[in-house]
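Take a look at this one; I'll ask things after.
Note that the chains take the letters A, B, C and D in the order they are written out, and that residue 1 is the start of every chain.
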């Protein structure tokens, strides 16, 4: 049994980890920490978990966690995990950070996009970018995993195989739409139900912090025009990616590498993913259209931002790290309803 | 391993069985039948299941199913399972019907509420009403289980302990609201997204077919004023039950019987259930208010109509029938998001 | 032209007044006041109004408003309008309060349900409860109008004609469900889109502040068991009202009084209202079922809480006060979509 | 008073015409026709209109309509208005078609995208493309108006001023997301509430029939990569348009032409439109970001597909045709909630 701790179990990513770990047959959630809820029961804070856990929130002590856990997930707001992860790593426990602090290798970009100096840059070397299909080998022995952002997962899975074979001559246009859960649980007038219901808007055009992350992981000089949107639903990201390649590309061939990939489903040309097929699951569905008239490829991907885009991907990384069959605990299909 | 077949896997109840069985460690879905999709793959019909199954739809042959399955779930429209269940029982296989045909013991009521004569009344004797907390003992050896309707589950769990101890002098008022998935997948102008979104309405007031089912199972001469509503969401039933007892009742005491019940969560006086805490799970949450000013008790229950109200309850019954730990495969919490 | 001012134009009720006054041919919105946004343009704060107004928020000076307005609407949080209305009335301007401060004649009940002493009790005498169909005559010369709460409007319109002719022997059960806009714009974790989407819950059972208001206006010793709910949509209240009369009542006869009522639509026995038919409009739709089996009457009403339940009703009162054709500016049908 | 008839008043566009005409002070809806509902009252078919109209559906006779109407709106499914409009024009009545049959000047493109031969090509010459800001002069005397498609309106308003001044060297990428009402009222499994709720998908990539319409009206050799999406809400289209110009363009300058335009609201650089600000209104909001890093312009537009995208635009055309002040009856702001 993998003994698991979670720092920050009440955030949306943390909650989803608790939910998924409850059906993981080889992992045991043994500690949850909190700054504000110490002493309260987890299921008092989150009644959805009543009947499934007796855990209480404890204060964060890195050494205590290191002693009783095989792995610790960290789910705290951006720029707050640098300090926590540093302590956990100093205490010697393997750490999976679902926040952004260890995703960007370039600390100047970190400063620019997250507004703070990076205070744990020494750890960036050991941080493995936790996208299972591309970094499986390095994940096996990883001591620190930086789980990708939800938008990057939905972009990298369809795009990376393409940029590796094709020359792309104008910026790749990525228009993604996310459910509100992607914004986390912080209160804001824009996230009020009445303001968000029936509403759609774009935000942070050209300056979203996931832009440099996507470009870093794509490599090959790819430039991405990333325009995120929010829509009136809770879970899921649909990404619509328009690419202009110098020469024709056979995408079916390109995606052959995913044949053995347990959670990437390549639907094929003309078969377009939708959120209902992935919601609640760890899958990323990919489809595309090759538009001969315009000379563009249009790729569509769909993920559940909380599962395939965060907690599910994190657990998949954990499975790899602990040599557990990779799909363990992740057998849920999309909800379809 | 319990070998499982499903007759009618594309309906909403059937889909949910497939989804839940995928994470059940002691059950194997081995056959799915269909009238219209024979020869097509299950995951072609329902892409949410891609990567999880290679099953193809087969025609319905009771003997073939009986031979290769330990249990068969039947998920077909009301009045259509009489014939199918008859054949399955004649072939000797244990059967769990998630439709209404074997719930009402009174064939006249069946005719009145479902509009057809009952053609398999001989089987009503062996049909066990599949509500685990009340019929556990009979379920162990059941050959035919009639899984309750979704509304009745949400009403019976809070009400049955009460009617057994209290004298109730006016009809019990049950106002339930259900998500649209309760209406199934048949097309109807009223279920069109644009017509249902932002909409709420009541229907079949006083004549809903679940009324006699609730009264039958409550017994004690209870009369129920049942008013179902539909609201603009997919999953979940919240039932608001107003009861007028002749003498004060201690509900906390009354619900003590649920202490060991794995899927009934008694929240207590003043603690009111909500759908997000049960969505995607097999739980029924129950809370109440004792209004001294009016002399009424108001009970609230929340279930996911597709899980705790259908497929989850059906699998719980299966677990009991096959002496598998009752909670197996049902460890999902409410989604909370 | 009626010159109109609004104190508190950024709240949800206030916004809706602005929206409706924009199409009112006999009213001119000339002043909006604010405590926090003084000097800012209304359409900067609320971009939905761009192109329709040049108004800027001004500080609140009762005398200035009294001088330049024929009527002032007050849309501030509960218990905050006592002071504002007092000043406006002292300054001599006719005032329509869409908040709760002048609805309850009983100051002890006010204290109990709103938690504060009433500081303007002297004005309660002149306050006319602003429900047009019942108080038309008194509204003509009203100097101070207290627009009813949204739930009370949806209950009183179907119930008042009934309590006047029938003897009702057990508490009337009112289960209402409201869209989130009824909660106003204050931020709260429960109102976060991700927490509210797909969710339904009941709240304040037996202690909601609209209970004494409904009973006051019903009179005849009526006792109401009021259970409010919130559902995952923005606008509209559906109220399901279960009544037990001592003797049979002819509701069609009872509702004949509404024949000339411009905004009460009596659909008839078995014809059940839905929110889509009233959303965006000033209508209240009423239908019912006479359940012979149980002896109960079940009445259903539907309103848009922001229009027929607040701003529309307030404008209807204004039209009556200023001898303008009562339906002026209120010609919108339900949106149906 | 303009006497108005509607052919096809029960479709979503037709319903919205009825709703808006009800508050139009200079228009009188005098006839509605139907094939299936002849003899039934309009408000029986559409209860949202009860209390506002006594109209009954009549059979379609072009001559009768021509005699009693000054203008007839036609709202029937694509390819069905060719015959109807031909008769109406032969009968001599001014006609506003909200369907697609008279939008494309190229009958070959019509055949390709709509699958039928054009049977009224002779009328294409007199058909004026009904986008008020660009064709005001021609609309004054128009006998036949083809109201643009909803997507084209949301694309043309932000794009046309740009293509007239800038050289654009790669296909313009238009990713639009529409509410479900855009799909009309036809029943389809995909439009079932349970299948569409919480769902997003792209469709008809590269082959949507609005593509040639947008390119025709843009002119200047513009090529558009149009990818439409559907999201889980009823009304509104948000279009995200990525353009790559050969030289820098001053968009603020470019949009100066809209200063006097009553229903185009230019929000400015960095100010991004959202659906809540336009829902229920005739406005099109436009904002943009000039991304120096990538060299792209990203334009965002928001409209209500049923109002600014169909019925509101149609009424604006009517106002121009009949020399009524152009904004008459269209004074509604966005609903904001």
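The criterion applied here is as follows: a residue touches a chain if its C-beta (ideal position, glycine included) is under 8 Å from a C-beta of that chain, and two chains touch if they have at least 3 such contacts.
Quick caveat: nothing in here was measured; it's all calculated off a predicted structure.
Q: From the centre of chain A, which other chain's Cα mean sits the farthest off?
A: C
Q: Would you say A-D or C-D is joined by more C-beta pairs in contact?
A: A-D is joined by more C-beta pairs in contact.
Q: Nearest whole angstrom, what separates the Cα centre of chain C from the Cα centre of chain D?
A: The separation of the two C-alpha centroids amounts to 35 Å.
Q: Counting in whole Å, what is the centre-to-centre distance of chain A and chain D, each centre being its mean C-alpha position?
A: Those two chain centres are 39 Å apart.
Q: Could you list the positions in chain A whose residues touch two or more of the other chains?
A: Where chain A meets two or more other chains at a single residue, that happens at 12, 179, 181, 194-195, 197-198, 232-235, 276, 337.
Q: Touching residues of chain D toward chain A in the complex: what are they?
A: Its residues touching chain A are 170-171, 173, 175, 177, 179, 194-195, 197-203, 205-206, 223, 225, 227, 229, 231-236, 238, 240, 242, 244, 272-276, 279, 289, 291, 293-296, 298, 300, 302, 337.
Q: Under the touch definition given earlier, write down the residues of chain C that touch chain D in their complex.
A: 12, 15-16, 18-19, 22-23, 25, 46-52, 181, 198, 234-235, 262-263, 265, 267, 276-278, 280-281, 283, 285, 306, 331-337
Q: Report the residues of chain C in contact with chain A in the complex, numbered from low to high.
A: Those residues of chain C that touch chain A are 12, 179-181, 183, 185, 187-189, 191-198, 232-234.
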